[in-house]
């Protein structure tokens, strides 16, 4: 039982990270209808920014904020330079996929060019301390991840449901032409959405790095887990990203532990989820609209 | 070789009347390409020839991906996994089963065909960006699967492709060698010619598929599934078969890769490989037969020839340049090199034809004002 | 000088030209209709004025040039556009649709205006928290018009409001529109295929054919024009 709880808590901690990356993916999908294959690399890159600022002697929490600002700038820039000019993702899926793949390859290389190929060490944001619950020791870092996720999710909910800016962003997501006709500056809001998505991605990176070392491949597995989370939750649902993140986190922690043949492939349950949901319930658990057919 | 060059014509029938003169430019170009391809290995060092074979492996796999993604519109970011399955199939068939090399290559194609059909079935319900997502996950999963089943695959350290060979100490398992039966050619040159022949065969077969009724139905399904269905095309069968053939080609490409390196390793089949194939397809030009070959050569030249010449400090810049170029290409010339070339040709033809067709294009209408429309319509900068 | 002056407007999609030099005027508070068959360029005209597609030529609104300005700037200048197919934002509620209509306004009367529109169109008031996409076509058209008026425009561009609506509903939409424009003094540039209705509504009309204005004049006069009668009134 204790073993199981241990595995469960690991899954919840990981799930919070997948949900963070998922929140960013949902924000981008809602506004631009695009699955951003470069989301993980954008997060990796801005996590390196966090490391650089921290390495200069700035306290880690401040460095994270600086990295989020850097991430925001990267996301906004990427949208303006590469994503906006290429056109509607559902009209030209190949071109859009190739642009995000170009970003993937380019950002990965750029990180290696700037920070080298050796892994960097980023300390855990919430320290290495532990607390014992029901006889199981849980790291503060895991609890911190869940709390930060809750803050981010609440922040997004307030933004979208309680502010005029969020209303405009939802209008753009639902019908960008009509939003434009009531005077909403659509391109600028899309840029804002990309910036926000990249900023939360930074946080996902900051929580991923301490366990595995900060290298240019930091987020490649996490990205697939994040996609599994939003596929399950529904591509356009923030709540879905959070719940999907926890389900995926727990499944990929529990299954390799208890199912023989899955020891080295925690990714397999996530893959099976993606496939099954897209086949049988493409709108996911909480998605409001059907996945648009191409 | 002229077969290959001729294959650059478009999937849609060309509306312009074909010139009755001999296509001299085309014949000259084909001859030059032919001479270069044949002469190249005689003048190149062995490591270079092995790199060339590597490009051929990419060209074959990318051509398979092009059939699926370019012609049929199903985006796969997971062909690296099929490439890997082809490579491991060849390695295991030769090493563990003792199958002769060429039969192993054919069997790798068959195995990947079956896998491709199996992936094609769910892909009927998953389209566009979502198919890209699923195949991306497949590509990420593949190296992990290889490690999971290490008792068969050799895990992270990989497998050497061996066969029992006679040595001074009796018969022992040693890495296989592809040597020329004629003696005159070095092993790397022999490998080059053999795989070049295979590559040409694959491209000729692809061209014949694309130009056939089946090929036209691929494009019809891509452009409008409903319309294709209504005009009597069995959409599901076309899509599944395309996935199968495409996967088989990726598998043969993987087989070439494995035989070239004489060993397989999970790190050779990461997501990066799937990305290379996509790059080869879109750089050369999606939905053109020769495009993936051009793309594979362009990629190979960039990574194997240009990049090593860069100063040491700038070596890691290779992917940055590659990614940047890819984005610029998608924004500026989404049809790739071949698409860009076709556009130039079409523009030239349009300029030549513009003088002949002066008027009558505008919609007929009853107007009470004198109209200057038909001339204005042709000069958007007015 | 007219409120809206269009001179030599050309526009199209990609390399396909649709408008070949349009001239038209709308005075302050005036109701003007553009008649024309499918594909004659009516919608393109409105889209070029509101900046949704690039146009060439001169478009002057209240003395300032509009060509080259972004749609959001043009809305800010005082032009609202109800597109063909109504363009309600389906995932937002009725109230949210009205609120987003006031995006360009910075005054504090937005809530008062919303209440007023809910009174003018009681159906909207009843369904204020319902998603716009779940309403009937007529209700969506009313919502689209109310949303456009939320920006307090001086000129409303209205694209085929009768499309897909039952005749009775269409009649109601036009009746309401007349009341609103009378009380607010908003000018309307209407595009319609239903010429009978449109000529009743508008004071002046233009006839568009294949991207060119082929006739213009007071609505009462065009109603008796032989060509217009044959082509658009089916008489």
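In order of appearance the chains are A, B and C, and numbering begins at 1 in each one.
The working rule: a residue touches a chain if its C-beta (ideal position, glycine included) is under 8 Å from a C-beta of that chain, and two chains touch if they have at least 3 such contacts.
Nothing here was measured: the structure is a model prediction, and the numbers come from that model.
Q: Report the chain whose mean Cα position is at the greatest distance from that of chain C.
A: So the farthest one, by centre of C-alpha atoms, is B.
Q: Looking at contacts between chains, which pair has the highest count of C-beta pairs?
A: Counting C-beta pairs in contact for each chain pair, the top pair is A-B.
Q: Mean of the CA atoms for each chain, then the mean for all of them together: which chain is nearest?
A: A
Q: Using CA atom averages as chain centres, what separation in Å is found between chain A and chain B?
A: Each chain's C-alpha centroid was found; their separation is 32 Å.
Q: Between chain A and chain C, what is the gap in Å from one C-alpha centre to the other?
A: Centre separation, chain A to chain C: 42 Å.
Q: What is the distance, in whole Å, between the centres of chain B and chain C, each centre taken as the mean of its C-alpha atoms?
A: 51
Q: Which residues belonging to chain C are in contact with no fewer than two other chains?
A: As it turns out, chain C has no residue touching two or more other chains.
Q: In the complex, go through chain B and note every residue touching chain A.
A: Result: residues 69, 73, 75, 77, 122, 125-130, 132-134, 136-138, 140-141, 144-145, 147-148, 271, 275, 278-279, 282, 286, 314, 316-327, 330-331, 334 of chain B touch chain A.
Q: State the interface residues of chain A toward chain C in the complex, per the touch definition above.
A: Contact set of chain A toward chain C: 164, 167-168, 170-171, 173-175, 177-186, 288-289.
Q: Give the list of chain C residues in touch with chain A in this complex.
A: Checking each residue of chain C against chain A gives 50, 52, 70-72, 75-76, 80-83, 87-92, 96, 99-101, 103-104, 147-148, 150-151.
Q: Where on chain A does chain B make contact in their complex?
A: That would be residues 34-35, 37, 81-82, 85-86, 89-90, 92-99, 101-110, 112-113, 117, 220-221, 224, 227-228, 231, 261-265, 267-268, 270-271, 274-275, 278-279, 282, 291, 293-294 of chain A.
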